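The first chain written gets the first letter, and so on, giving A, B and C; residue counts start at 1 in each chain.
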Amino acid sequence: MPVMPPVVPQPGTERPKPYSGYFQRGTSVADPELTQIGPGTPMGEYMRRFWQPVCLSGQLTGVPLAIRVLSEDLVAYLDGAGTVGVLHRHCSHRGTSLEYGIVSERGLRCCYHGWLFDADGSILETPGESPSSPLKETFRHGSYPAHEYEGLIFVYMGPPEERPPFVTYDTAEVAGNALVPFSLAHPCNWLQIHENHMDPVHSVFLHVQIGGDQLPRAWGELPVLSFRETDDGAGMVYISNRRKDDETIWVRNQQAHLPNFVQIAGIFDLGRQERYFTRAGMEWWTVPNDDTHSTVFGWRHFNDEVDPRHEGCRDLIGVESCDHIAGRTHTNTYETQQREPGDWEVLVSQRPIAIHGLEHLGTTDAGVVMLRRLLRQAVRKENPSAWPDRRFTKTTRLSTSVQDTTLSVPMRPGVDDREVLGRYGTAVTDAVLDSAGQPTSERRARVEARVLLERQNSTRADRV
Amino acid sequence: MPVMPPVVPQPGTERPKPYSGYFQRGTSVADPELTQIGPGTPMGEYMRRFWQPVCLSGQLTGVPLAIRVLSEDLVAYLDGAGTVGVLHRHCSHRGTSLEYGIVSERGLRCCYHGWLFDADGSILETPGESPSSPLKETFRHGSYPAHEYEGLIFVYMGPPEERPPFVTYDTAEVAGNALVPFSLAHPCNWLQIHENHMDPVHSVFLHVQIGGDQLPRAWGELPVLSFRETDDGAGMVYISNRRKDDETIWVRNQQAHLPNFVQIAGIFDLGRQERYFTRAGMEWWTVPNDDTHSTVFGWRHFNDEVDPRHEGCRDLIGVESCDHIAGRTHTNTYETQQREPGDWEVLVSQRPIAIHGLEHLGTTDAGVVMLRRLLRQAVRKENPSAWPDRRFTKTTRLSTSVQDTTLSVPMRPGVDDREVLGRYGTAVTDAVLDSAGQPTSERRARVEARVLLERQNSTRADRV
Amino acid sequence: MPVMPPVVPQPGTERPKPYSGYFQRGTSVADPELTQIGPGTPMGEYMRRFWQPVCLSGQLTGVPLAIRVLSEDLVAYLDGAGTVGVLHRHCSHRGTSLEYGIVSERGLRCCYHGWLFDADGSILETPGESPSSPLKETFRHGSYPAHEYEGLIFVYMGPPEERPPFVTYDTAEVAGNALVPFSLAHPCNWLQIHENHMDPVHSVFLHVQIGGDQLPRAWGELPVLSFRETDDGAGMVYISNRRKDDETIWVRNQQAHLPNFVQIAGIFDLGRQERYFTRAGMEWWTVPNDDTHSTVFGWRHFNDEVDPRHEGCRDLIGVESCDHIAGRTHTNTYETQQREPGDWEVLVSQRPIAIHGLEHLGTTDAGVVMLRRLLRQAVRKENPSAWPDRRFTKTTRLSTSVQDTTLSVPMRPGVDDREVLGRYGTAVTDAVLDSAGQPTSERRARVEARVLLERQNSTRADRV
């Protein structure tokens, strides 16, 4: 039976006429270079070169935890000696799932024949075999190194000889800061979740104009917006400049680190008080379970700087729950999803894997375009700085540029306010990026000095 | 690993012996020419040349309705100006589902970045972009024209230049008639549902002899049965002739219009009173959602002519519900399905797509055979009359032939009653089909005149 | 998009280093020769040469029972005349499922058009057709012969000319014995369920050391273990020799008959009293529904010999339930599964089809290895004795070797007790296998005589 190919417009043909859905039924493949993450895929192998969070420490109780990471079935456990193990899920003896295994004083024991595996894959015991059997020495169970940090379990799934040091970020340095871990599962590809962070325009519409009170009102104005690669070659920031009121403007930098980590600045209203270089409100990794399922793992930050009015609620933060995005998981009814859509709905409904070939991108998608380009350069190895061996050799605490700065800059009649916003945004971001690697207090002073200079220039310009 | 082919009987071989299931394990493919309906398939393209119902008007409330039609994912909505829109479901910007969109005063707005689409696919707003951006003019969102009629939303999904006028049927002309819309979802291919209407023998068994009281008792006798193509070349009728009692006979015509519309005559007992040419009790389209899911959309007719004792119940009619087939949906328990099977069970259980190659058809399947032949001729373009450009150019109210006629014809000893039934059935149907295009009153008179003539002939024959 | 092949260790390469899961991501195919059972597959055709249980008699009530056996969709029923029919599920007329059919005085009637099928596939009635229609004589509905025995319905699905007699086993001969039927569904391949019976080591760990009180404590010691093919060439036994206490030892034989039948010896503690050749506690067939679903059908035996303290509970035995493995079905919560794993969890979680290529087998898997080898020889027709035409020609009651023997053999200082266990085990098993075909009382006497001889030899050896 011959099947006619779908009718698709040819390149160079005219814009379809009204009611021309018939000519737009063509489909396209997703972007496999960026979206496929199984063993042996370019993006999958790139992601495996980084430590990835795979569960919360609190999920490791008396029984093993079945997890799926980068299309691999694994099991995580905390043994009696306090060692976290992450093993291939199926017993290397006869294939029984180790999620039914017995957590032991040392290692994890399969419940079927009692074989005992250590966190490094060593076979500690094969009790049905003769004590003198050399079987234990002939193979090793598949395992990955794990590292616990601030309530999250991180795993390195790449080639052993390429294992990078476990790195942390300077955003944790804020006085009195506490990191509270959470996770959120999404039945869709990782990339459409991750690139949402380099798309600040969606907040204007989804979270304020349409969503009502999902974010403070100042988010409801279209920002003066730009994007910049970071100097370390390993990511990008967005620069979002908004007027809060007639007296106050607000410059925000949010940072995406290749491949799948993002730092989000303050998520609560920071008020009208002038503040420089306040840091992250939350951070997260978008970790693929497989090509069409992903779990976000990260922390909410609790400190007086990013939450001056103590609006955060720790009790709402954990597995499948976060105070900032309460209710925004698969647990909503369809009616609520339709009447109050949030990030979960807009991301998951882009299809299991968003199809880039069907998009129509605008200037406001510049951040998404930049992020995809950086990822593509990375997996093609056109950018050595994007690989951990270039990034993580000299320091374990990375200097980052996520920040909010609130400034007193009154509106002035006859002056193009968006031009003013852009100028201050550039000034602040220049100072932030140029001071990367310096101590926080130094960077804050650099921002303040740069703002002062900008004010002087503005006053001079006024006089002219 | 070589796998032996299943053992199947060879053509010309003998009938299998008892207990020979082993030799009958061969499978066959479904009939793709008639059953596949996706974009570009022969039947799919043929169906797209007709307006098809896709939902009830009452389903268009304040939120969009996600629908799937002919293997395409769509969304339907009613905007503030009263326009019904049917759009491709995924936003042409970044792919988010428009089922989470905001129904606006004009058009449907995506909740992610606020782009606003009109019913004809025009992009009305791209609010994140500069007001002067030409982006809106460079493309159009996939859309189809919609038309509301008697509580159903119809959509045309074919090539725009081939769009036929929206046609209606003369069955709505009965005095005081009211059409009450309904829909019923079935997890199976469309054809096995549709062809059930040209198989009146199933009513004898499924609905009466086995099903008990699903239909009035007169249905429980095997009718004298024949089938005839209609003169317009666009469908067929069945001619079912039954004796109601010793004094009364009953001639029924039910009509199938290519490709997927059917008109069903009275569904309640019309009594023993002599009545000519009473019209439809219900009408419906069997609309494919995809190859293995279909939804029936149609109306129940309410008027004194087809429901003289007011047995119908409007309150039972709507989405997934119909008074005539109350409970005959997926909502029954398996026990009820087994003990009281109805159309839903016999149709859905023919497999997701019935496999014609495994059937053993009898003479009573003549209507099914004729319908499949007409459909095959149509998709092969061997019958131009089956295509809407030949059928819908001159009129928007089509003359149809669905009807019941009840006649006083006493049984007479020594006379072959089935011969009598066949003779009257032919007489009535001749008059009905020959008068197509005439006003209803004229046609009724033609039937009456023809019956009178038949009575005279019979009396004369008796004398001879 | 080129995808790198998964990294797998090459033959001859070294054992992976610690934390080398990255190098162990290779996958392998399941063993299709032994695991695939659809029509035309080697194992599927082999299994079809044997009568297989497909449901419990008690499941045949007033409505048909839809069953799936060896990847074929069937329906079973008990008609008014007491005949059990097993038919291809879809009506040979138009494909409607006969699970909605009407069980008749003779045969099963399709509810759609009333066609009536007899148990042998004859078409008894096609009521919509003319009474003189030859249609009924032109074909036959697919059917298989059925046989009811001790509460189970057995079906023969192989070539009709190869149908073997229905055979029974001598294990039913115990005085006062009652067989109580049960079934248990498993969502996995048949082989991993079946081979569990030739793996007595799993009982030590899963059922005692890990599972706690799933079996009497004596099971918790590693037995002196060996395996032997039976002389009829059609299966194997395991020989498990354990010390019960300082005074008593216990020799157990469990028997697997090719392809999928197993006889399990006593499942309750038989006490310290000396007993010879006590027979089966349960028997079962692991019947594939399809490649990834299987149902176990069998009986629990109730008699004073295997259950001296009357620990069994008939009320717990039936569809999806068995007293010996109460709760060990899919009905447990995930938490219970994790905390109290049993056979169901370890077998089902070996993947839908266990992948032999990923296993690391030890000496304790010798029984599994032997069983797979026997099955492979059978399907390759290298062992004619494994086929029913060689096995079932002369008798309908097969002599089998499943048994327990409890012996008073005190531990003696300075003597290697495992050597003693092995010696008595060999003696008992020799007597059991050598006496196959003899009456039970004769065989018991042979065992006793052989044990006496062994005791004499032991005493003599002591003196030396």
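Assume a residue touches a chain if its C-beta (ideal position, glycine included) is under 8 Å from a C-beta of that chain, and two chains touch if they have at least 3 such contacts.
Just so we're clear, the structure is a prediction, and the values are computed from it rather than from any experiment.
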Same-residue or different-residue interface between subunit A and subunit B, half as cut-off = different
On C-alpha atoms only, rotate subunit A onto subunit C and read off the angle in steps of 5 degrees.
-> 120
Taking each chain's centre as the mean position of its Cα atoms, how many Å separate subunit A from subunit B?
-> 51
What parts of subunit B, by residue number, touch at least two of the other chains?
-> none
Using the touch rule from the top, collect the residues of subunit C that touch subunit A in their complex.
-> 1, 3-7, 15-22, 24-25, 192, 201-202, 204-206, 209-211, 222, 335, 337-339, 341, 345-347, 349-351, 354-355, 358-365, 368
Subunit C residues touching subunit B in their complex are 32-33, 36, 39-42, 45, 48, 63-64, 72, 87-88, 90, 92-97, 99-100, 102, 109, 111-114, 120-122, 126-130, 133, 135, 137-145, 157-160
